[in-house]
Amino acid sequence: MNEPQPLTPVRLAMHAGPHQPEPSPALAELYRGFEQELLVPLWAEIGELMPPHPRSKATPHRWRWQRLLALAAEAGRLVPVGRGGERRAIALANPSLGGRPFATPTLWAAIQYLMPGENAPEHRHSQHAFRFVVEGEGVWTVVGGDAVRMARGDFLPQAGWHWHAHHNAATQPMAWIDGLDIPFAVATESQFFEFGRTQLSPAELTTPARSRAERLWGHPGLRPASMPDALPATPLLAYRWADTDRALAEQLALEAEGHAATLSPGHAAVRYTNPTNGRDVLPTIRAEMHRLRAGAASRTWRETGSSVFQVFDGQGEVRVGDTHWAVARGDLFVVPSWLPVRLQAAGDAALDLFRFSDAPILEAVHAHRVAVDPAAD
Amino acid sequence: MNEPQPLTPVRLAMHAGPHQPEPSPALAELYRGFEQELLVPLWAEIGELMPPHPRSKATPHRWRWQRLLALAAEAGRLVPVGRGGERRAIALANPSLGGRPFATPTLWAAIQYLMPGENAPEHRHSQHAFRFVVEGEGVWTVVGGDAVRMARGDFLPQAGWHWHAHHNAATQPMAWIDGLDIPFAVATESQFFEFGRTQLSPAELTTPARSRAERLWGHPGLRPASMPDALPATPLLAYRWADTDRALAEQLALEAEGHAATLSPGHAAVRYTNPTNGRDVLPTIRAEMHRLRAGAASRTWRETGSSVFQVFDGQGEVRVGDTHWAVARGDLFVVPSWLPVRLQAAGDAALDLFRFSDAPILEAVHAHRVAVDPAAD
Amino acid sequence: MNEPQPLTPVRLAMHAGPHQPEPSPALAELYRGFEQELLVPLWAEIGELMPPHPRSKATPHRWRWQRLLALAAEAGRLVPVGRGGERRAIALANPSLGGRPFATPTLWAAIQYLMPGENAPEHRHSQHAFRFVVEGEGVWTVVGGDAVRMARGDFLPQAGWHWHAHHNAATQPMAWIDGLDIPFAVATESQFFEFGRTQLSPAELTTPARSRAERLWGHPGLRPASMPDALPATPLLAYRWADTDRALAEQLALEAEGHAATLSPGHAAVRYTNPTNGRDVLPTIRAEMHRLRAGAASRTWRETGSSVFQVFDGQGEVRVGDTHWAVARGDLFVVPSWLPVRLQAAGDAALDLFRFSDAPILEAVHAHRVAVDPAAD
Amino acid sequence: MNEPQPLTPVRLAMHAGPHQPEPSPALAELYRGFEQELLVPLWAEIGELMPPHPRSKATPHRWRWQRLLALAAEAGRLVPVGRGGERRAIALANPSLGGRPFATPTLWAAIQYLMPGENAPEHRHSQHAFRFVVEGEGVWTVVGGDAVRMARGDFLPQAGWHWHAHHNAATQPMAWIDGLDIPFAVATESQFFEFGRTQLSPAELTTPARSRAERLWGHPGLRPASMPDALPATPLLAYRWADTDRALAEQLALEAEGHAATLSPGHAAVRYTNPTNGRDVLPTIRAEMHRLRAGAASRTWRETGSSVFQVFDGQGEVRVGDTHWAVARGDLFVVPSWLPVRLQAAGDAALDLFRFSDAPILEAVHAHRVAVDPAAD
């Protein structure tokens, strides 16, 4: 039943050092005993296992949107979409995570690309997912039979274990990004996946402007009285750009009028929430949109857990640890755990940044810490 | 600030297959482009990333207590305890987790060994920990200045970020097992560690029969009115064997009298809980004691997430997936995610098994699933 | 410190009856002893104290809006608004609650009336409150310095212990209803009240179309990232009719398309919620808007706790227990605990009904029960 | 269906006063209009309805145990126990609550008395209840078929809607106190009651030293793994004096050793909790045992909501508002909302006080406030 796994030997070496036992033939024999019995002593490992603060395996990295888009377009020509491969999704592989398709140790981020008329077949999985659209339109994602339009600026969460498929109803290809908790699910080994129908019904291939989910749940502060319970993930399947944009603009306007509204001067941010409990949209993923007023910079902060950002609009300067980048529309970058990050709008326009992170996981186990670095400002 | 990490290239190969794109020079060039840009297509990876159900990287394995104890005793002779190495702890390394000291993908289990008169220096860490004593006595663990006696059958939780040290006040060495969420903290990169004092004060080196924590919190159904809040981890620092034993005996007696009390016929189990919220003793670790009446077997069940068991008393037959073992006092074994497990008492006596698992993590993110296999019974 | 209260003697009488002790001189003397010692035996009272199901002290009753409005207008001419009386509010007095201004045993409902240019002075109280506007406009309620426009169909919650005042900036009088948990606070004796400033500042006497609260919190599924915590009461100070109307219309449209959305066929309803936790808008008050499609009737249901309804639009037939009424715009009626209620749209138009109830109190102590009466349909 | 209730007219009078409208014939006519329409203006009532702080309708009062006991014993001779009257319970009637059997506006307290060989018949009700035994033994309360011994110092909670009966298996009468949330249930009108069997089965009429509930749930920090869910009320049916006594003694001992454990110097207290969630034993009732070291006094504090105390042991001086009493074993007294209370041990012994209150109700709706009066110390 279990997948055959390569068995890996334990290898121990005697080291000289201030905190290490004196090398000796007896110690060497002890270490051989440990190896035979599949044992590893803490004293040989503690620095890496229990560091003074998080030292991420991941590396800060930026991916250029134009390059991603070009490769995705080429994949559109060469790679079919269909049952088995399931999705024409191309994932970011953090440079120091072993070549695996993991943007960070817990998060998956990919560009997905659908040609005109194509359908991505129905399936469901326990991993939580979302889509975010940096440009383009024409695709509908069909979740539990509910067709949801996708367009620039829209955030579309996809709670685990719901059937979903996509279809491109337009005459142009469309690209967007997918975010999932795949690496976290790999680490905790709690994944389930099922194939669904190959073909959606005609009723599901419609192209409504608003999904049924939005019509039921997309009213501020209101919920259907027929659905009174708290749900672990949001039932609202689309968070539209017009709402997000207005919320960010209002925060900056309120700040200008002298009221508390922003994270710090010039730095507005909204969090996408589950209207049934006011918490994060998904049990494992936090999603937010940030706006830095022209010329403004965020505080420099660090937090446990990791994030992926995508520039939605404008140009920026980003610093993560010792790394600096200039970023433009569509560019993606990752912020590993506990590295200081600072965001700044460049040029004459505001900088809009979509962000997702694993913060709900860490909060759920009381392991989330945030620190603002005064020295770094 | 970030630890230098080895950068790892992305390597992609064209495969022929029912769901794979047709190999071609253009595809090869596309794959080279992916590699250059640190991208990995989902269609090349989906089976491993999104399996139909959890396929653990870990392997079921059993460690023999007598062999562990002998190696730990030898380490007692050769390896000093002190600042830097911190603890004479020797960890179980699952055979298929790369030789790292991880019993399962999320759990650490180690034997710790302290010679007469030795002190393990004070430190604190964000990882949650506990000690469980299969035999011996004479060590006190000092948590936040509160000296807690350790003896056979006792379970001693140690919530993250509390100062703690150990001292052996007896004339004999003592061994016990430590359980921590180190691999989970490594995966989510949320660890903090600090060194404390090298020497405890005389007042802390006392050897009381009951800790202050027990005197405050160890009364059934009662809490100090001066401490009314829910805490994320238990303030009770020792769960004594006499209580656990009685609770298990009562479950079997109630069952014999015809009342619902056990998990299944002949299978009693208690869960260690946090008295301030009734939930698991630690935010990331569930701990339980199981008792199988002489001759009885558990149901065959599987669940997401992993467990480590230690035989506390008696002899048993254990089946995990396709693996079978005979187990005796002190033996440890691991149950990887979603593998069916069945426990059976062998011989004329009951089988007592201590168990810890990562279930609270999975429950916190709504990813815990349990299934009882009727066919396997 | 305590208010002098009239002391009330205990009076006991011997009754003959199947469950009563035999009258005798000795019993009479015992009863005199009880009276002297301020004691009452359960056997004399159990039927009333512990009925088989709730038998409300309150009576179903309807108040005609036109008559209320006329009296309120006359009060506008005769009764000044100002410090001391605080508000020109005229409360519904349930016919069987002793002449006290209690619509139900837990809920207060009043019509409030403000003349052009008038100001209701600032105060705060621990009682939770809201305003609902059945017609008119021109008044702004100023909550914590935030001026909130009031207009037909708007629901304006007012969490306890926030400073608030009202001012009529228009050339017409304006009336609305206030709902509070005053009777519940009287019953549980947990009320605090403070006078605020007599005059608002010019900056607070503005008349913005949207309050700061709406600008921060009035975006579907979004919250300010700077305010991440759950609050016991909603921070959103206005729920606008346009949103409520659209949500109700969508439910009926979805139902017509064959989807689950309504409470029962033709009966749409939305609940006003606290966006920080997805629960009721106030800790003690549930508020909802109901719409019955032309010709439709609700199910007949009963629940523990009480409700006050106001007709917002249309005409209806209402049955509460054995009482029937025809109701029209603005009419108010109460539904006592556990009495069956049935709502029906009359005429050719939909019937819109605003409702508030004490359900959150009962839910908080696990005492809320709802039953749908199949026989009554 | 509804009980016929006496209809009560509204009566309004014109008053002269600083905040009252000018008396006039027009005002008189307006007031007649209000009366006809069952309306009451706020300006005539606000001081009483919305006081600056709670002014309880209840009066501090003390009941002497010896007098209660004598009357209960006389009732034992004259009043049969049985179906209809249900219980030989004699309730405290607060002097200013209208002669009704309400100790406070939310709480019921009664002495119950059972003669040798008597049975109190089975019933169940939604009201939450408990028994506390100040002296005597010999009665078993049978809850859901589980016979629970009652003896001096035991606290026996009885969650709503569980079947229960009592039987006296001894040769002596026995008295104890019952606490319930009857007045709160009357105020919120959410009561259900059902008669059960007239006779318990022989298996239920046993007299075990420990109930099944204690055998399952009465182990500190342990819960049956077969029952993992949080329950709104405790499943533990007896909290034994030996445990309570030890917990109080330990708090005072820890204090003497210099550790934080007590509410204030010399004032120990434990709260009875629901082991499935760590919260109060019952959703509507908090129960605690307090111990004042010989010579010690509590702080003077006040809180919203009301309490009933019973002296369990020792002698004391109690101050509630402007009232002072000397109290001795068994005496009961009530503390109305927001009145300052101070407890002091008199004589050479410690003072033990059982207390129950409505705090969980107020906490559930975020209306609980506590203040310590420094000036009063």
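Chains here go by letter, A, B, C and D, matching the order in which they are written, and residues are numbered from 1 within each.
Throughout what follows, contacts are C-beta pairs under 8 Å (C-beta built on N, C-alpha and C of every residue); 3 or more make two chains touch, one makes a residue touch a chain.
This one's a predicted model, so the numbers in the text were calculated from it and none came from an experiment.
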Maximum centroid distance from chain C, chain identifier (CA atoms): B
Cα-centroid distance, chain A relative to chain C, in whole angstrom: 44
Interchain centroid distance [CA atoms averaged], chain B/chain C, Å: 52
Between chain C and chain D, centroid-to-centroid distance (C-alpha), Å: 29
Pairs of chains found to touch, sorted by chain label: A-B, A-C, B-D, C-D
Chain D residues within the chain B interface of the complex: 212, 215-226, 228, 230, 234, 236, 239, 243-244, 246-247, 250-251, 253-254, 259-263, 269-279, 281, 288, 290
Interface residues, chain A side, partner chain B - complex: 1-3, 5-11, 18-22, 24, 26-27, 30, 33-34, 37-43, 45-46, 49-61, 63-64, 67-68, 71, 74-75, 77-80, 82-101, 105-106, 110, 125-127, 160, 182, 184-194, 232-233, 283-284, 304-306, 321-322, 336-340, 358, 360-362, 364-369
